[in-house]
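Should a chain be cited, it is by its letter among A, B, C, D, E and F, assigned in written order, with residues numbered from 1 in that chain.
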Amino acid sequence: MKKRGLFIGRFQPFHLGHYHVIKQALNDVEELIIAVGSAQLSYTLTNPFTAGERLVMIRLAILNYNLPLNRFWIVPIEDINNNSLWVSYVKSLVPKFDIVYSNNSLVRTLFTDANYEVKQIPLIKRTEYSATYIRELMLNGKKWEHLVPPAVAAYLKEIDAVKRLKILSQKDEPY
Amino acid sequence: MKKRGLFIGRFQPFHLGHYHVIKQALNDVEELIIAVGSAQLSYTLTNPFTAGERLVMIRLAILNYNLPLNRFWIVPIEDINNNSLWVSYVKSLVPKFDIVYSNNSLVRTLFTDANYEVKQIPLIKRTEYSATYIRELMLNGKKWEHLVPPAVAAYLKEIDAVKRLKILSQKDEPY
Amino acid sequence: MKKRGLFIGRFQPFHLGHYHVIKQALNDVEELIIAVGSAQLSYTLTNPFTAGERLVMIRLAILNYNLPLNRFWIVPIEDINNNSLWVSYVKSLVPKFDIVYSNNSLVRTLFTDANYEVKQIPLIKRTEYSATYIRELMLNGKKWEHLVPPAVAAYLKEIDAVKRLKILSQKDEPY
Amino acid sequence: MKKRGLFIGRFQPFHLGHYHVIKQALNDVEELIIAVGSAQLSYTLTNPFTAGERLVMIRLAILNYNLPLNRFWIVPIEDINNNSLWVSYVKSLVPKFDIVYSNNSLVRTLFTDANYEVKQIPLIKRTEYSATYIRELMLNGKKWEHLVPPAVAAYLKEIDAVKRLKILSQKDEPY
Amino acid sequence: MKKRGLFIGRFQPFHLGHYHVIKQALNDVEELIIAVGSAQLSYTLTNPFTAGERLVMIRLAILNYNLPLNRFWIVPIEDINNNSLWVSYVKSLVPKFDIVYSNNSLVRTLFTDANYEVKQIPLIKRTEYSATYIRELMLNGKKWEHLVPPAVAAYLKEIDAVKRLKILSQKDEPY
Amino acid sequence: MKKRGLFIGRFQPFHLGHYHVIKQALNDVEELIIAVGSAQLSYTLTNPFTAGERLVMIRLAILNYNLPLNRFWIVPIEDINNNSLWVSYVKSLVPKFDIVYSNNSLVRTLFTDANYEVKQIPLIKRTEYSATYIRELMLNGKKWEHLVPPAVAAYLKEIDAVKRLKILSQKDEPY
């Protein structure tokens, strides 16, 4: 069994597809680092939630499903807009890891080039378990709660996520 | 009467819709801070004018209509690309204010969350009094001068604004 | 009991003074956020360890003393070099909190001005429980291990901390 | 008579030496741009005041001495830490100018190399009319009020400047 | 004959159109500076190659066609996203020059405003000698080798350029 | 023989100690990359010359001593103030290399950790062949010309280096 794995996402919001990945990864590794990407972005249509709010969602999901908190590290990572530096940047902010989970081909390439083992965990219900799709459902006043862990759904209501998205979708004036 | 209001725009260029807002705002507040947003941008199709040029336009408009200069503060503000920090950033660069004028829902949300009073001044002639529309007229060789204060029109001619826009609209080569 | 507290440090390295603060804080709050400041710095004489290494030290200390991991959040925070934005920046990266623990007067001022409750936890053995002092002991080949949690001492040996410090203290050439 | 002059300072705080310069400059130029440098810095020992607070001080001084507000432009300028770009940066943020007032040799060199006329206004009471000296007096509980315009002294009391400086001078802990 | 010319491009990849320009320019100037723009970008669909790889391509082309290496300077230039500073930025990073070659109207405007002579070298086979077009051919598995110098074609194969582009074109997941 | 070596310096200015290193390195490697560090700095007391001026000095030295230009790459590198990313940053901007020449222990550590071979070339006349020492001689009006290649001495006179240093050493006013 590997010591530590790394799983990177933006978690806007954290959904059941993410949960599926981290549960699978726990079969391979003793500890999993969940890196919260684009940490500096919030209050935009595609990145509505702050890094802090996303940390909360992830921990709520872990507790919701009785996963062992002591096997996770949850770390916000800002964008640096220089792909050549990105692996080094991630490495400097998290504990040492020996395997990377990602379904994104650029992430896989960058870590492979840096001599990491990279693994794909097959996605399930890919159309529905998608943050983009969930944000659209929210904007259109449709049901979305079944696509995220119950504790995350409750939290998103507590912070009025749907209202925030609707405000962000208004395009009245450039400023 | 409130002590100070804040009005944020990009003023690319300053037009009669902006003038309408600041004139209305003067009924509410003793002093109005006009914040010139995206100050670092210039010589792009949507942000053709430098912050310095936009400061000049605003002051010319104020003088043109005999508004009292001593009731205004005009301050350039650069973008910081982090919505969570933006209110603090604006606050650090301008005098204290107690009300914000904005027709943009994100701006209203961010300042409301920071406990500011926020007010919308109804826009007039919204289709015409629009910087985007004015830049299009300029590019297409149509009449635009009647949509900005006369002194601003004269200044835009002095700095050859139409020629600059036409150059910026040419897409010959990526560099 | 308050819901969440915030404790900020650089943890270069994590020592028994830090441990004393977090143990005390747990008497006041349900959860404690440990913010790892100057996260972008590493491999300098005053900031020898990466953020990732400091995350490891903090978790090792928590486990070493059987503190409940589920009552902690450990989050790296980079410097932004603008004191007026700093509170907003911290807030965007961590879960909501209602009290701040700090013995630094600037930190206390900035959070007080932002309407946070701020509390000082009296330091113990201040001369010895000091990261600066510990780094000096390391550099001078003296005993330092008793000033940090045993698990942290072991980890610092594993990553060859003393050797790293000695290399960083060499000032042969500007480059 | 020149159309516009540029005078750059940090104004931490604005004092009678600054006042002397701007009054002299008004003899040469129709309009004077006062650029507030290091605008991004505040709440540090050498840069205690925000750009917004410094804008207020400058306007208070202008009004205090009945100088004509319509002959001034007051513009915050952030540092960019690249001397080769600095003149272009300043130029982009302010109206066109044709003369620069400065007693700093680097500023004079950079603007001279960029083909600007540069002029020195002899300083008066240089030891006392010094922001560094005034901050020291404040820290040491000595009289400083006579070294700044009365309206600035009143404002500095209103914002509790002395208390802020004392807090910033405390060096309890690195964080 | 002018002493030095400046030619700026992104060279993603270097192709025969670029070669045509530099060969023509050598008729006018003793030395030509080839500035490699957007140097910080790599591993994106429109900027697949690192600055280092582009330096290699340019030198291979020069050697391939027996152009005299001692008449060239090849310098990477990062983007700064502020058009008003860009000319000063370029000037600080390269030797002095007196003429600029560019077919891009913004580049021509910025350097003309900065009092540089600017010259257009008529492009040949503009549709084919285009980096965008070449990257499309690569992605679509079509022949592209005849559009770049033979030595560049060989190098692009050595670094597996086509495979890299195909990976970058996969849009599986936002992360 | 190794394919390519990397030698990093700030070259403020390029002196005979640097020349000694590059001449020695040519015995080991087919090609040598000379990286010009802190490229963004200029017009400061410790970094008086622009990157462009330093590129010129290096090439003048190479030609002065009839070293083969086609065995060198000369590349400016800006600082990124994050030691953990620095090796990746350098790698992205220069051609592939397999050995690093450095007498600086941090540089040696960072490249060693990144699995590069690192080599020290013994310095000669270390007290005199020092950029710091040469700048001091210049400031004090002493002889310095014999410590740099003749062509570099001529160039430094052409750009009035001594005068620039003297201006930069004046500390009249903070601005």
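Methods note: a contact is a pair of C-beta atoms (placed from the backbone, for glycine too) under 8 Å apart; a residue touches a chain by one contact, two chains touch by 3 or more.
All values derive from a computational prediction rather than experimental measurement.
Asker: Touching both subunit B and subunit E: give me those chains, sorted by label.
Answerer: For subunit B paired with subunit E, the chains in contact with each are A, D, in label order.
Asker: Taking shared residue numbers divided by all residue numbers at the interface, is the value for subunit C and subunit D over half (same) or under half (different)?
Answerer: Both copies, subunit C as well as subunit D, present different residues to each other, with under half of the numbers appearing on both sides.
Asker: Scan B-C, A-C or A-B for the interface that duplicates B-E, counting it as a duplicate when over half of the contact pairs agree by residue number.
Answerer: Matching pair: A-B.
Asker: So what's the Cα centroid distance for subunit E and subunit F, whole Å?
Answerer: 26
Asker: Centroid from C-alpha atoms only, then distance subunit B to subunit F, rounded to Å. What do you get?
Answerer: 47
Asker: Could you work out how far the Cα centre of subunit C sits from that of subunit F, in whole Å?
Answerer: It comes to 37 Å between the two C-alpha centres.
Asker: If I count partner chains per residue in subunit B, which residues reach a count of at least 2?
Answerer: Residues 40, 42, 50, 82, 84, 91-92 of subunit B touch two or more partner chains.
Asker: So, with touch as defined above, which chain pairs make the list?
Answerer: Those chain pairs satisfying the definition are A-B, A-C, A-E, A-F, B-C, B-D, B-E, C-D, C-F, D-E, D-F, E-F.
Asker: In the complex of these two chains, what residues of subunit E are touching subunit A?
Answerer: 40-44, 50, 164, 167-168, 170, 172-175
Asker: List the residues on subunit D that touch subunit B in their complex, please.
Answerer: Listed in rising order, the residues of subunit D that touch subunit B are 39-40, 42, 50-53, 55-56, 59, 63, 69-70, 73, 75-76, 78, 91-96.
Asker: Enumerate the contact residues on subunit D facing subunit E in the complex.
Answerer: Interface residues on the subunit D side: 80, 82, 84-85, 87-89, 91-92.
Asker: If you look only at subunit D, which of its residues touch subunit F in the complex?
Answerer: 8-10, 37, 81-84, 102-110, 123, 131-132
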